[in-house]
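What follows is a pair of complexes built around subunit A, which joins subunit B in one and subunit C in the other.
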Partner chain A sequence: MVNVKNISKVFGGIQPIWLFVIAITVFFSFMSEYFLTTGNFMNILVQTSTIGLIALGMTYVMINGNIDLSVGAILALSAALAVDLQSYGLPVALFAAISSGILLGALNGLIVWKTGVNSFIVTLGAMIGIRGLVFIYTEEQSFYAENFAFSDFGISTVASVPTLGVIFLVCCLIMHLVLTKTGHGRNTFAVGSNREAAADAGIRVGRHMLVNFMIVGFFAALAGITLATQMGAATPNLGRDYELWTITAVVLGGTKLAGGFGSITGTLGGVLAIGILRNGMNLMQVPAFYVLVILGVILIAVLLIDQKVNRKSGQEVNV
Partner chain B sequence: MTSSATNNNQRSDTSMKPVLRLEGITKRFPGVVALNNVSFDVRAGEVHALLGENGAGKSTLMKCLAGKHQAEEGSIVLEGQKVSFSDPMAAKQHGIVLIHQELSLVSDLTVAENIFLGSLPLKWPNRVDWKKLRSDTDKILSRLKCTFKSDDLVGDLSIAKKQMVEIARALVFTPKIVVFDEPTASLTDHEKPVLFNVINSLREHGVGIVYISHRMDEIFALSQRITVLRDGEYNGTIDTAQTNEDEVTKLMIGRSLELDHSSKPTEFKENVLEVRNLSVEGVCKDVSFNVRNGEIVGMYGLVGAGRSEIAETIFGLRRPSAGEILLEGESVTVKSPHDAVARGIALVPESRKEQGLVLGLNCRDNITLATLESVSSMGVMSPKKELEIYEKYQRELKIKTPGWAQKVGNLSGGNQQKIVIGKWLTTHPKLLILDEPTRGIDVGSKAEIHALIKDLAKSGYAVLVISSEMPEVLGVSNRVIAMYSGQITAEFNADTVTEDELVQAITGQHKAASETSLQAAGL
Partner chain C sequence: MTPIEQTESIGLKRKLNRVSFKNFLTTQGILIVFMICLAGFSIFSDRFLSEENIMTVIRQASIVGIIAIGVTVVIIGGNLDLSVGSMLSFATVLVVDLHDKIGPTNAIIVMFAMTLLIGAVNGFLIGYMKLNSLIVTLAMLSAIQGITLIYTGGQNVDIANQDSTWFAFFGRGFVGGIAVPILMFAVLALCVHFVMRYTSYGRRIFAIGGNPTAAVYAGIRKSRCVFSTYMISAFSVGCAALVLGSRVMGSQNNVGQGYELLVLAGIILGGTSLMGGAGSVWKTVIGVLILGFIQNGLLLLGYPYYTQWLVTWVIIIVAVWLDLANQRKRLFTSHS
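Right, the complex of A and B next:
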């Protein structure tokens, strides 16, 4: 692993995932003439924004040492509400959609807090149950948006940048600042790194984790709305496997499953890495199922390299 | 290496040729030379104590020996043969076993399964031979004179018994060298003799023992030779019989240290904490005591006597079943640690790494952890204010770190403890509870922490110190509360009580005398 070590030395503080993003960007630029264009990058940005938004909240929850598997189902419910309730007016529909996400997140957090049951189990149950609710609510039907303003929003632009991309980047910035500059952000690391010490220092650990579950619920619901605006519709199967893609992106970005470590910048890199790989391979006309195989292999490879690099620096800690 | 004189303590028949020799070991970590040309040897049938302050390189040296680290220079010679171990298993197979400070047992398995973990006896085709497993285990357990059974779950055992399981595990490999790293750190005075007997019996069977400890009394009771490391360098080997504690301390830290009984606080004002008839289910019964402004009260007793649990009750981690807690004369119900902090109670917990520090955060972040609200406006932290607070306490507590961004895991035990204390001072508490404040901390830093505790009391804090070390309790506190099995058996003036009286009080032989001693304390 000498090479890896040298590479990380040369690039100093750059996170490994960003080196990877740069590497695949260069690679696809040579492989496809369509790749390195502004239009294509705007595409990637919009395509990644759905997983990206959820990943922002997931980063907090995972730094906390928890996980939320119910985000895909929350996304589907939120999308269904946002489209179906448009007959009561768009504001009502959007409010209901976002509220459902925050409330379900709060429910997850409350159960984790009050029962002490592992969040993996709690949100696994929530994932199954909420998906059931979606099917009950939609009666297995897809909804189509009748309000054109809703579907137009999904393809609108701000200063020639897609609105959805702008929303995602602004959310990135806010979540980055909250994580690095606020007490809540610091506590997120403290709780994830040593829950007992954090509680003894007077941090209300249960409440704190509840807030983070509400944040991820909010972002899942927001992602549901943005996805529905792109499609102009909501289907009961929307967001299947999204929890897995989200976790993949967050982990690629360097956040530790065990908690206590991670960053929004890393998560952004992880989300982009997946987006660029999918987009690039599409342009190279790699068949869809091969794309999945390659993505799986790359996920493991990147984490392996990351672990080697981290273990090198980790030894210093033992001195 | 010094060719020191004979092992004059006992056993003149022991071969003088060392079983194990470490020659010129050098180990570097990024930015630090952890060991510089260190040599060390162990003879069959001796206890060789390895001494040094925290960070002197003892544990690193032993990790190089046991295959956990690989030394850059130097060699390991075992029974005349040059060996090198790529991992701990290789070292084990050569008969070198390390018994860690932190035990590595699987709590959900039985004693027998733990002892033979990885080498379970098998019957054809691939079944565990339970009969052989039990009988082999029983043999080892009876050799160690253990009272627990091979079928007991390890999770149900006390720490002392778990340690015995760990030692039993070592015996499976017919060890030539057994390294004990701070084996008594979490044992009570009652449990230690059992361990010492085991060590002596291993020694009599010709096993070479390396014994790492901070406790001079143990080292002088057990060892035949003492080797001292200082700052990663070899600083001499001496025969235990020809030296004394003072000389060894000087070798260790370059000066001699006496426990400072002076400079205790003298002015006490009104009650800060008063506990009246406190009972906690399964922990303590009818406990009453008080701590005043500017006073240090020591709470002394065996592990399991309920001391830490009382502290946790005051701090809101446990619910009392009867009695009341008064803070500055007012009866309070502390609902949670958050509540406790808000009421001005601070608890420096027993285990720094598990409860006190957030190892993933740096020095500054750990110090400001309990007071983030005061450095934030609208939830946004001010890096400038944070740094000011860090610098203030770093200066006042003389915390030695390369800088605020240093991860606390890299600091020595003494400095880590100062960080935990600093974290609490930022909340301006009225009552400071310190549970085992110097556990696992070397002699030099211990004295510093003691001086610090006294200074804090003098500046007006009410301080409650829980400790299992008698010199610490006597050296630091004004009054000593003795506890036995969940009850307070006596209260003494720390300057006049004798060691005998204290020992009797914490072993339950003193109940009747408690009233007289209270009067004797004149308090």
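Right, the complex of A and C next:
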């Protein structure tokens, strides 16, 4: 079962990633007068919500000891459907977009469950294949939303908080409660810690993993819709490299690649850390090229620190 | 050979003969699928099996193939390298840009030095610092792409006098009627295959990938071996950049984007396990060629370009699935 020490570490003290978030917030507040404003924080919230939504589902899959590389492609397909099918009415388009994500997630999960092929390989194949599907479906064209209600939604606010940010925070809360308070959440940790033991304990491991792949598919599709509402358009290359940023955020948040350990609060911290770094460096007028390098260096630095702190974490390759 | 060894080897031969057909079907399934594909394509397109077309396909596949050879060594050692795509962008931009500034010879030397330096960083972090290879190479993917963009300032680079430089030899030249990229691919494949198969170094890499703890207890210096696999991977990227830069005589900043996926697809299709400790360079060559021929065949039959990605999706999973099913002697897992 779950390592008790790890749990107390998560809920007892502040997670390291949140210390990092606080540190960079203080740093950028001194570096830029525009940083520490309500408007800018709303910006950061909206900017991080896309990757953040996917990261919520990815956390579940990664605690399971699996990985999903196909989220960027699912996002692109969902965005294309949500924009292109608006001629049949907005509800139809949104329904089609969300179901495409859930179905493709279910397909990934079913293959992982039934064939036993490593999820890295299954979703790597899906990442290539679904991206091909997007290019074939869109015929390599961009779609523009003709329904203004769709694009207006992306800039709308609820009680002066951007709607997309509210959606993200509500999803965070739900996913946090499911992970910590329900049987499904406990099973997620159990399956990730020791798959065989979980199966022996009567958990239906295959079905369980299937559900988690459907969850991440759902969130990837939802992120596709929110991203399309922000742009009022969908391009076939949308969401490229998003799987990398999502995995980066989840790992920064303390979820172990080997599975069995992680939290939604940590993932939220990881997502915010990346968002604040990008936003803050933008405000400091650091060229975008340098941001890529700095983020890469920070990720490696976090790994090094993590290894020094938990020397016995036994984090070996799991793929 | 002592008598005992002789009898053992005879017994082994008999055993092999008895199961050979079934064995061949199950272990070389991907080769059979490959043959069926080739036959199917050649029925529907009379150009498919022409010598010219075959040479074109192998030539196109050679860049992915050269990188895949290096990455195969990394994967056999139990690690991953996702940074090869960005490294290819970086190396190609570097060699093309420096060609006009310091001459081809110096450009090639600097390019290999820098590429090997990146390989050394990868190898140091993963081999000596024992960090997770997936995350480290993911971070390097981002960082190297950033470095490439900083270096070029976002501009594309190209070589001014494309007809008057011997640098064209690597991508456009022919030796004895065979294109140089194909020769480089073949020579590199043979060398690395020989090293992995017949030298103690190769066996050490297999041992580390198969069971790191046992390998360390057996006295293998794991850190050094892992480090060396990333140097081999970086060297192969350097060779690929040579071919790519010389063929195009110019480079975009993101020319290598997505190559890591094609490389992994070829390796997985060939049957090298991502768990490490198993696989071979020979299989990777087959895997890369299969992808190349399928891409070419689908285009000749008039399907949209991206159909090949869909087909890649299906065959990767089916190939690995059949391999697993063969190992556990049943098609599906027993999980409920």
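The criterion applied here is as follows: the second predicted complex is superposed on the first by the 299 of 319 C-alpha atoms of A that agree within 3 Å, B and C clash if a C-alpha of one lies under 4 Å from a C-alpha of the other, contacts with A are read in each partner's own complex, and residues count from 1 in each chain.
Going forward, a residue touches a chain if its C-beta (ideal position, glycine included) is under 8 Å from a C-beta of that chain, and two chains touch if they have at least 3 such contacts.
Given the structure is predicted, the values throughout are model-derived calculations rather than measurements.
> Does subunit C touch more residues of subunit A than subunit B does, or is it the other way round?
C
> Now for A:218: first (subunit B), second (subunit C), both, or neither, which partner does it touch?
Neither subunit B nor subunit C is touched by A:218.
> Give one of first, second, both or neither to describe whether A:150 is in contact with subunit B, with subunit C, with both, or with none.
neither
> Using the touch definition from the top, say if A:131 reaches subunit B (first), subunit C (second), both or neither.
second
> Examine A:257 and indicate which partner it touches, taking first as subunit B and second as subunit C; both and neither are also allowed.
second
> Is A:118 touching the first partner subunit B, the second partner subunit C, both, or neither of them?
So A:118 only meets subunit C here.
> Applying the touch criterion given at the start, work out whether A:199 contacts subunit B, subunit C, both or neither, answering first, second, both or neither.
both
> Which partner chains sit in contact with A:182 here, subunit B, subunit C, both or neither? Use first/second/both/neither.
first
> If you lay the two complexes on top of each other, which residues of subunit A touch subunit B in one and subunit C in the other?
199, 204, 315-317, 319
> For a test of understanding, state which residues of subunit B touch subunit A in their complex under the given definition.
Residues 29-32, 34, 60, 315, 336-338, 340-342, 347, 349, 354-361, 365, 369-370, 372-373, 376, 379-381, 407, 409-410, 423, 427.
> Which of the residues in subunit C end up touching subunit A in this complex?
So the residues of subunit C touching subunit A come out as 78-80, 125, 129-136, 138-147, 149-150, 154, 212, 261, 264-265, 268, 274-276, 304-310, 312-314, 316-317, 320-321, 324-325, 328, 332-333, 335-336.
> If you look only at subunit A, which of its residues touch subunit B in the complex?
Within the complex, subunit A contacts subunit B at residues 181-184, 186-187, 189-190, 192-194, 196-204, 260-261, 315-319.
> Spell out the residues on subunit A that touch subunit C in their complex, using ranges where they run on.
On the subunit A side, the touching residues are 111, 113-118, 120-122, 124-133, 135-136, 199, 204-207, 244, 247-248, 251, 257, 287-297, 299-300, 303-304, 307, 315-317, 319.
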